[in-house]
Each structure stands twice: as structure tokens, then as C-alpha cells.
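Shared chain: chain A. Partners: chain B in the first complex, chain C in the second.
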Partner chain A sequence: MSMNAVSKQPVATMLAPAVILIGVFIFVPMLLTIWLSFHQWSSQTGFNTAEFVGLRNYEDIFGPLSVGRDFKRAFTNTAIYTALSVVIILPLSVLLGLLVYQRRVRGGTFLRTVLFATYMVPMIAVALVWSKLYSPTEGPINQILAVIGIGEQPWLSSPDTALVSIVILNVWQQVGYFTVLAIAGLTQIPPSLYEAARIDGANAIQEFFGVTLPLLRRTLLFSAVIAVINAVQVFEPVALITQGGPAGATNVLTYHIRRVGIERAQGGIGSAMAVMLMLSLIVVIIALFAFARKGNEE
Partner chain B sequence: MTGSTRRAPFRANQAGLSHYALIFAIIAISIVAAFPLVWMVLSSFKTPAESMQVPPVWIPKTPSLEAYSEVSGVINAGRSFTNSAIIATTTTLGILITSLMAGYAFAKYRFRGRNLVFALLISTMFLPPIVTLIPLYRMVNSMGLNASLVGVIVPNLANAFGIFLMRQFIAGVPDDLIDAARVDGASELRIVFSVVAPAVVPAIAALALFAFVFHWNTYLWPLTILQGNTDDYPIVLSLGRLLSYNRGAMNTGLVMAGATLAVLPPLVLFVFLQRFFVDSIVSTGVKG
Partner chain C sequence: MKTPTTMIATGMLAAALMNSTAFAEPVELSYLTHWAPDTVALLEDAAADFAESNPDVSVSVRAVPFGDLLTTIRAGGGTTIAGIYDLWLPELVRDGLVEAAPDAVSSEVNEAWPAGIAAAASVDGTVYGIPNEINVYALNYNKALFEEAGLDGPPATWAELEAAAAAITDAEAGRQGFGLINSWAAGVVHPFSSLLVSNGGSLVVDGKPALDTDAAGETFALYETMVEKGYTVPAMGTADANTTGPFLDNFVSGNTGMIIMANWWESALKAGMGDAFENIATAPIPVGPSGDTARSISYSWLTVVNAGASDAEREAAWAFLDWLNSPESGENGASAMSGILMSMGILPSRASDVTAYEGDLDRDFLAGYVSVLENATAFPVVLGGQEFTEALQQTIEALEYGQVSAEEAQANAQADATAILERAQR
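And then the complex of A and B:
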């Protein structure tokens, strides 16, 4: 690039729209969340009414009273929900990716289309449809299970199964996206590695664990991070169908933080919860990267 | 991006799953994956009596549009559709403009702090919206933009994914092309929109599709900032109002008609433009 070209770089003009918008609507509120977490503040009033209370909000959300019990429950629910989602979605996406990617029989691309189409569906519609599918008496899922001799399942209406039921609908909606990521990873594996493995006499299963899986590590790391971030955002099925119930079984953080911080206007407490969510995410993501690096060195 | 060219892992003579097992797996999984949506559409054409029937009626015998005419009465579907279209289109346009400009700067300019600013912007991709929701709600309220479409749209006019995608693709645009336009006396803004943009059309299409579908579907922020102003509700929020009708099998048809309407625009876009979606995921996923 010539000097003339360098002098013609209106960096500020080009970056201003994006930087100002992201700065004002993401970075400023993020810093405010941290600041507010040390204050008592009603989110129905201006920031100037916030009153400094030190660590009291944090003591409250980890304390023995209902504020603390509800938060700890929501935190645990979110952790279980996230772990289950990731543990189901990742292996499933690789399996489905292999099915789409294989060339032995046709229909792979069709499968990809069907799987990915569900990812385009608004979560609110997913929630509505599944609330009917799960309906204990006339819902199609229990009707089909009855045909093969499995008795009526309570799904969303029992504290024992409600959270898992939401995990299942989440997996159904999202797995297509992660399948496409897995396919992308598969296309990056040089065919010569498979040929080498075959010359060494590897069978299909040895090939999968010796070649495919190790070379998908980067893709799986990326998928895991995205799956975690998506999972903590679960909101619509809870807000629409269960309202956090039954008996708090589906009270997850996004729903709980909004309910406390905005509907109950306890902006300080809600912000402290949001900070804990942010910190937990940072820890989880660092752990995932460390785990992937450790695998690399082995 | 190389998805359609290199295929390798399986060979016909290899031990493992037989052809029939593969075919069976593909068909079975496709049915399970498609079932909820197929059931949604079928149910939307059932009469209330058919929805109630046990054993269930899977395919309506006399397809009825009753539920569709009823749903437009309950939630003012036309108005909601217009609101969704305004939100999704305006937000998408904003994202395209801000992403093109920033993506161009990050791809083609050399300046101090470039990597730091880029990393900071990209880090917001990993921030769940709930973390900023409470103060953002207050801020937009204080700006007087609450309970309005403007309040829904303005905070989302730029995003990290768009900047990232544009930088990836603009980096591949030859410098010579840009320098030639400079020699011709074109301004930098002109270069972005009439030289660089035409060179990255597939990426723009992908970003436009993603942004449109995402903001058509998004629920949490409009719910929070519209504060019950149902006149400005996008279709996904109006669907939520069907909740009160969502008790018992009686209203299954109604709810499914509403859901079908809301699903249609993103699904139609996807079916026709699927290649762009898939390509952009592949490129950001792998290079990212």
C-alpha cells in the first residue's frame, strides 16, 4: 500500500458507527451492570437514585433467605440445563454430521436441510408447538409412546422431568446448526490421513477415534463455547409455558434475572446475579480452552 | 467453503454400517426432526373438534382455515407482521452498513490499537444479552424510546458477528481494486459501498439473511422494552399472547395457526437461500 493510500485512511469515520453503537448499547450497560451490583437501586428510577451498599447484594444472593435460595436454584438449574445441552448436542452433531457428510447413500443434504430448518424457527413457536406435543393426555408424544407400550409421561408438568423436557426441545431446535459446524470441520480433514490409516489396517471405528475425532477438536471447542452461550440464554419456553415451575424446577437465570431486575425492579440484586452469570461463563470458557489445549499436548 | 468438493471418510467395501442401516437412519432422523413442524402445520388446519379427538386425528379430514381467521382476530396478525417486518428490515440494513464500514477498516487499514479494538468488539459476541438487559432497559427508557419500535431497533444496529464476517471476506478483496478506485478519486465511503460491497455479495447475502431471521425471531428485548404496548408487538410477541388461549386441546388449532404464520417468513427465506446460510457458518466456524 502506498503512502498516499495510508494517509487516506479515515479510520474514525469507518469505525464510528459500529464502535459508538456497540460501546453505548453493550459496553456501557455491561459496566453499569457491574457498578449497579454494588448498589441498591430500583430499575424504575434513574441511575442517580442508586445507593452504594458494598457487597450486600452478593451476600443476599448467596444467603439463606428466599433471595438466595431462588438464585442458587436458578444457578443450579442453568448449570444442569447447560451441561445436559452440551453433552447431548456435541456428540449428536458429530454423528449427524457424519451421516450428512458420507457419500455412500443419498439423502445427506436433505437431512441437513431438515435439521437446519428447525434452527430458523423462532423459539417462541418452538415453545408453543412443544407445549402441545408434551401435553400429558392428548399430546402426540405420549400417544406415540402409548402405541409402543410406554405409559403416560408428565413432561413439563412434573418437577422431575420439566427441565429435561426443555433441554430436549432446545436440542431439537439447535442441533442442525452444530451439525453444519461439524460438517465444516469434517471437510477440513485431509483425505490422505484416512488413506494412511487404512494402509495401517485401521477399521472404521479406529479411523473415527484415531483421525476424525482428534482433528475435530477445534470445531468441537468452538461448538462447545457457542452451545454454552446459547444454553444460558434459554428464556421463551420458561417464560411462556412453565413460568419457572413446577416448584422452581425450570427457573433458569435469564428468566430469573429479568423477573427480579425488571419485573420486581430490584435492579441491584438482578445486576449482582448478572455479574455472577458473566463470571461463571468466563470460567467455563477458560476451562473449555484449557481442556482442549491439554488434549492437544497429549 | 470446500463442503461440496472433498468427500472421503467412508468406502463401500469398508466394514461398518450397511447401506440399509444408513438409509434407515437418514429417513428415521429426518422424520423425527421434521415431525414437530409437520404436526404444527397439520394441526393448524384441524377443526377444534378434531383437535380434541382421542385417539388423535393426525391428518385433518376436512382441512379448515377456521383457526387462521380466528387467530387474526385474537392477535391482530397483520399489524404484528408489519411490526416484525419493520424491526427485521431496519435492523438488518443498519447491521449491513455498520458491519461493512467497520469490517473494511479492520481488513484494509493499518492503525494503532487495531487488534485491541477488534478483540474488544468481538468479545461482545460471547456476552449473553441478559447480562446487559437491566441497565439497557433503564438507558433506553431514559432516552424516551421505550414502548416504541425505535427502542426495539436502535440498540441492535451494529453487532460483532457482522463485523467479524465482513472483515473475513473483505480481507480477500484485492488491494489493487481499492487502490485503483482511490486513484480515480473515489472517497473511502464510496469505495466501501460501490467497490468493496459488490465484491463480497455472498457474504452480504449471508449476513442479511442471518440478521433478518435473528431479529424476526428475537423475543427477550422487544418483550422488555415494549412494556405491554401491544400495538407495536412483533409477531413473536403476539404469539406469546396466545398463551392465555393455550390451555387445553380446544385451542391447539388456533395456537398452531399462529405459530405457522410466525415460522413462515424465516423458513421460506431459508429454504430458498440455504446455501448462503450454510456457507457463512462454515467459513466463520472454521476460520474463527
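And then the complex of A and C:
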């Protein structure tokens, strides 16, 4: 027996449990979903009842009829929701992180606690409260807007504003978590770099763009990946508040896949939608890493 | 009045069930519903009554929002009994999720319920559940707003509906003449279907969608007109997962003059309006230009038993359901189930229950609904029915929000329905 074989055996033994667990609980379901996407299958019956239909499920979800229209709408809604959430949450978390991180600001710890508290509130409570806050006629938000002369907003009642309203709710709940991540990133920046920048005559804005932002890149990349994954998986506010309406304006992919795959038991079509969601997520995450790598190289 | 045959059958069934309810070991049943907490409490009381004579059987009631009901049933979740909307039955049967009723229960359903209601609880002639409620759609209107607008009575035709909506609408005061619901499939499609049948049309004829008819085109056009003229404000009609929300708030607040809804929302109106509920009246669905008489849509609910439950659970479940829906469980010859339903303003469907509650059904609000039952058409219960309903909902909402024209909505609705019903048959 060679030395290599001897040294590899314990490594394989040690890796086996993790590999088997990942294989069983991650890769097998993924492969099964891909396999089912080429079949007509009622999700209430065994896999042995699945009937091969080739690309028909994919033709249906990209077709002009309701199956296709609803999927494309849900896909677009998810993309808009994700983009808006990430674009708002990341800068806001850095801004709040900078404010809270200032050691000179009194009550910084209290502020951090308050910001993070929103992340710990159960979504069912958030949904109940926000659906009342958004009420067009009796909601406090519109009443406050009326005091400052802004007219009644339809919020969740109009296809033009419903998705944005859900994004605002998401930002409110998630920004505290990402602020904590930003603060963790800020603590890793050596104070000597700021001192050096100040000696060179840099003002606060130059310090931010010259020192803080470049050194926060890794934190921001991690935050962006987590924010994208969280946003793509949005389900609870839609299920609890809007049910995908009005006029499909808040119908996002996870909610739609649940409706198709479980409520209608169309496991094949639901799987095809899930595969498209998975592929899109992979593409976005790879693009984010590529963007970050390009930034590092520059 | 019960016929001798029915009485004998009931007696035999009761005797059979008396024998079958002696269980070898305690049985715990789980009853899934979407009812509100106060109604759940009534069901729990009935279960406690049943447990007095069946100490080995306990029933726990689990309530979920209406929007989660079908998913919860399909997910299993250890439910023995579930209350379901009849539209869901064909697919639940196809997927083997619900058990066929025992012969004794099946005979009882066919004898004690009107034929149409029993048929809605059956697939291919086999009974799968015990029907309980029937709901029918009618026009609810606010008499105070009508009086204020100088209107004598409810509209009988679409032209009068439009005129009444115009008279009541006051955009500056945030008031719409005619309310349409959105974000809830049945809340969107059932009122549309009621107007369609009152215009001489149908959703489905001989298993094929019939949304390409002139009658359907006129119904889509009515929606377009109502919105374009500002008589209907879609943003005031949003519903939430509990089938409440702005559409209800606006009607109880007097911001909506008329709305087409089913009888079951009486309890919600009473809770929201208090004394002002006396302003609410019920009228038949206005007749369209192609219609000849006021018609409407009806649908029913039934309780089914999980085919995946154990033998003992299924046996106990049928025994409990049969008792719950029998004249022996309630007061004055009515079933306990009908008492629960009447507490919500819901019409019971068993013939003996209708007789027992004859006096209560005369009250103003419900009498309007009872009067339209005669000309009500059952909402089509077909394979693919739920998807068909959701697709039509999306099309109608797109029309309401100005995303498509009436012509486009009609073309989309017919094409979608054709594809959905064909796929469901594969």
C-alpha cells in the first residue's frame, strides 16, 4: 500500500459523513427537481407516476397562456423585488453602520439593539402590523402623510405601488441585520489608515471613498449575496398580506411555485419553475463574485 | 318534512353507527377548517357533545386562513377531517387524498340533500363527503346611500346598475358606486360569473369554456365601463388572506354603495357595522342586455375524510360527521352543523335543516339570498377548476386595473380556460 493511499483513507472517512449528508439533502433534491421538470407529475402521487413530457413544461412556463404569463410576471416581480431590496438595504446598512459605529455618538449600543430588533420580530407580527399601517383609509402612514400635505397613497391596493410597499417592509425588517454586518466590517478597518489619510489631508468624504468603502468590499460582497438569497426567497409577506395581488403585482416566484406545485399539485410545472429560479440565482451569485473579483484586480 | 323512507334509512344508519362507534382504543380526530375563532368554539362544543356518547373519540379543531386551506389539506398535516370547497373535490379525489363515503353515509347524502348539492359532493357518482353549507351570490346595497342619492330601490338591470352607481359615486368623498373585489380568486370570479349568468351566459358548457360568447363579452365590457367611468375603484376592493380587508372595510364604512357577495359574509357585516347593518339590503343580480331573468351562481362546501388516516380514525370520522350533520345533533330537528352555519348567516343545505330554520331564513338579509337560490347555477365543478378560477381572476384584475381591454381580457380568458381544462384531462 502506498503512502498516498494510506493518507487518503482517513481523509475520505472523515469527509464521508458531510459528503453523504450534502449529497442526500442538497444534491439529490436538486437533481430530482431537475428530473421532475421534464415530467408531468402530480405532487400528491409517487414519483413512479411521473410521465416524461420532454420540454413541454418549459414551453408552458415561457408560453403566452396564463401559465406562462403568471410565471413571467412572478419572475419579473421577484427580480424587481430583489434588485430594489439590495440596492436600498446595502447603502442604508453602511450609512446606519457608520452612524452607529461612531464612538462619539452616545447611545450607539442602544441604537444597534433597536436596529437589530426589527430582524427578530416574527414575520406574522410584522405582516399583521404593516397590513394595518398600509390601510389606505385608516392606516397611520396615510394619516401622517396627510398631515404634511401628501395625498392618500394606495400602497398594497394598487399594482403600481404594492410591490414597492412589500420592499419597504422588507427593508425595514432586514436593514438592522445588515447594519450589524456592516459594523463588523468597519471594526476590521485599522484606525491607523484613517490617521494616515487625515495626515495626508483627506476630509470625511475622501476617507469614506478612499479607505472605508474599499476595505468594506468583502463585507459588502457577503451582504449582497445574503441579501439576494433572502430577497429571492421572499414568501411570508406575500402569503400573509397580499396573496400575490392585486392583479398579480406581488406574485413572487416562491409563492407562485407553492401555488402551482402544491395547491394545484402540478409538480412537473412547479419543478420547471424552481429550476429556472435556481439557475437565475446561480447566475446572479456568480455575477456578484465576478464583479467583486474585477474590483479587487483593479 | 321527512319521508318515511328517509326516516327508515336514518334510523338504520343511526343504528349502524351506534354499533360502529364502540372503538377498541381511544381515537383522536383532527378537524381542519378556515372558520373564525367564535365559530370554531361552536364546533368544539358540538364535538364535546359527541364525546359524551362516544367517550373514546376526541375531536380537535384546527383553523387556518382560507388562503392556506387547500395547501394544508394537500400537505397532509395529520388532518382526519377537512371542510372543503366543492371546486377542489375532483382533484382531491384524483390524487387519492379523500375517502369515498361508506354506503350508509352515501345513501343518506343522496336522500337527505337536494340532488344538485349531493352531486357536488360526488365524483363520477361516488359520494366523497357530507355537504353542509350552500352559498349563493346576490347584490348587497346600502339603503342609506341609495336614499341620499335619491334612488328608489335596487337596480334590476345593468343599465339601472350603471345609473345607480353613477348617482352614488362621489370621488372627492372617496365613495364608489359599485364595488369589485380583487386579490381573492372566488371573490373576483364568483361575482363576475353571477353577472355573466344573469346576462344569459355560462362559464363552461358541456365541459368546454364558453367565455367567447357575446354574453361574456358584454360582461367584460361592463367591468371596463364601471372602472373607466370611476363608478368602481379597484384599489378599494383589495382582499387579504382571511377574505377580509379593504373591500369589506369600504362597504361597512359606507364608502361602497353596492357589491355582489355571498350570504356567508352576514356575520362579518354585522360585526363591522353594528346597528348600521340595518341599512344593508339584498337584491337579485341585475339582468344584463342578453339575459331574460335574474340569475346567480351558487357553490357548496362539504366535509371530507382523509384517505390516509388509519381505519379507526376514518371510521370514527364518518361517525362524527354523520352525527354532526344529522337531525339528532341539533335543536328542533336541525343538525348541529346547521346551527353553526346559521350563526354565520350561512344557508344550510340539508332539506331537514332548511325546514327547521324556515323562520330564521325569513330575516331580511338572508331572505334576499334564499329568493335567488331558485335561479342559481352551480359554479362548474370540473378538473382544473381551481386553476381555471385563478387564471380568470388574473384576467379580470388586469382588466380592472386597465392593463388589458375588455376584448383582450375576453380573448385571454377563453384561451387560458381552454388550455387549462384540456391539460387537466391529460
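The rule we apply is simple: the second predicted complex is superposed on the first by the 271 of 298 C-alpha atoms of A that agree within 3 Å, B and C clash if a C-alpha of one lies under 4 Å from a C-alpha of the other, contacts with A are read in each partner's own complex, and residues count from 1 in each chain.
Throughout what follows, contacts are C-beta pairs under 8 Å (C-beta built on N, C-alpha and C of every residue); 3 or more make two chains touch, one makes a residue touch a chain.
As the structure is a prediction and not an experimental result, all values here were calculated from the model.
K.L.:
Figure out whether A:135 sits in contact with chain B (first) or chain C (second), or with both, or with neither.
P.N.:
In the superposed model, A:135 contacts both chain B and chain C.
K.L.:
Report for A:244: first if it touches chain B alone, second if chain C alone, otherwise both or neither.
P.N.:
After superposition on chain A, A:244 lies in contact with chain C alone.
K.L.:
Please work out whether A:291 is in contact with chain B alone, chain C alone, both, or neither, and reply first, second, both or neither.
P.N.:
Neither: A:291 stays clear of chain B and chain C.
K.L.:
More residues of chain A in touch with chain C or with chain B?
P.N.:
Counting residues of chain A touched by each partner, the higher count goes to B.
K.L.:
What is the contact status of A:262 with respect to chain B (first) and chain C (second): first, second, both, or neither?
P.N.:
In the superposed model, A:262 contacts both chain B and chain C.
K.L.:
After lining up the shared chain so the two structures overlap, which partner does A:69 touch, if you call chain B first and chain C second: first, second, both or neither?
P.N.:
Second partner only.
K.L.:
After lining up the shared chain so the two structures overlap, which partner does A:52 touch, if you call chain B first and chain C second: first, second, both or neither?
P.N.:
A:52 contacts neither chain B nor chain C.
K.L.:
For A:40, select first, second, both or neither according to whether it touches chain B, chain C, the two together, or no partner.
P.N.:
In the superposition, A:40 touches chain C alone.
K.L.:
Between chain B (first) and chain C (second), which does A:154 come into contact with in this model arrangement: first, second, both, or neither?
P.N.:
A:154: touches chain C, not chain B.
K.L.:
After overlaying the two complexes on chain A, where does the chain B footprint on chain A coincide with the chain C footprint?
P.N.:
Correct list for chain A: 43, 131, 135, 137-138, 239-240, 258, 262.
K.L.:
Taking the complex as given, what residues does chain A use to touch chain B?
P.N.:
Touching chain B from chain A are residues 1-2, 4-6, 8-11, 13-15, 17-19, 21-22, 25-30, 32-33, 36, 43, 46-47, 96, 98-99, 101-105, 107-108, 110-118, 120-126, 128-133, 135, 137-138, 140, 143, 172, 176-177, 180-181, 183-189, 191, 194, 203-205, 207, 212, 219, 222, 225, 229, 232-233, 235-236, 239-240, 253-254, 257-258, 261-262, 267, 270-271, 274-275, 277-278, 281, 285.
K.L.:
Spell out the part of chain B that touches chain A in their complex, as residue ranges.
P.N.:
2-3, 6-10, 12, 14-16, 19, 22-23, 25-27, 29-30, 33-34, 36-37, 39-40, 43, 52, 54-56, 97-99, 101-102, 104-105, 109-111, 117, 120-121, 124, 126-139, 142, 154-160, 163, 175, 178-179, 182, 188-189, 192, 213, 216-217, 219-220, 223-224, 236-237, 239-240, 242-243, 246, 249, 252, 255-256, 258-259, 262-263, 266-267, 269-271, 274, 277-278, 281-282, 285-286, 288
K.L.:
Going by the contact rule set out above, which residues of chain A touch chain C in the complex?
P.N.:
Residues 40, 42-45, 64-67, 69-70, 131, 135-138, 152, 154, 156-159, 239-248, 258-259, 262-266.
K.L.:
Along chain C, where are the residues that touch chain A in the complex?
P.N.:
67-68, 70-71, 74-75, 91, 94-97, 174, 182-184, 234-241, 245-246, 249-250, 253, 255, 386-387, 390-391, 394-395, 397-398, 400-401, 403, 412, 415-416, 419-420, 426
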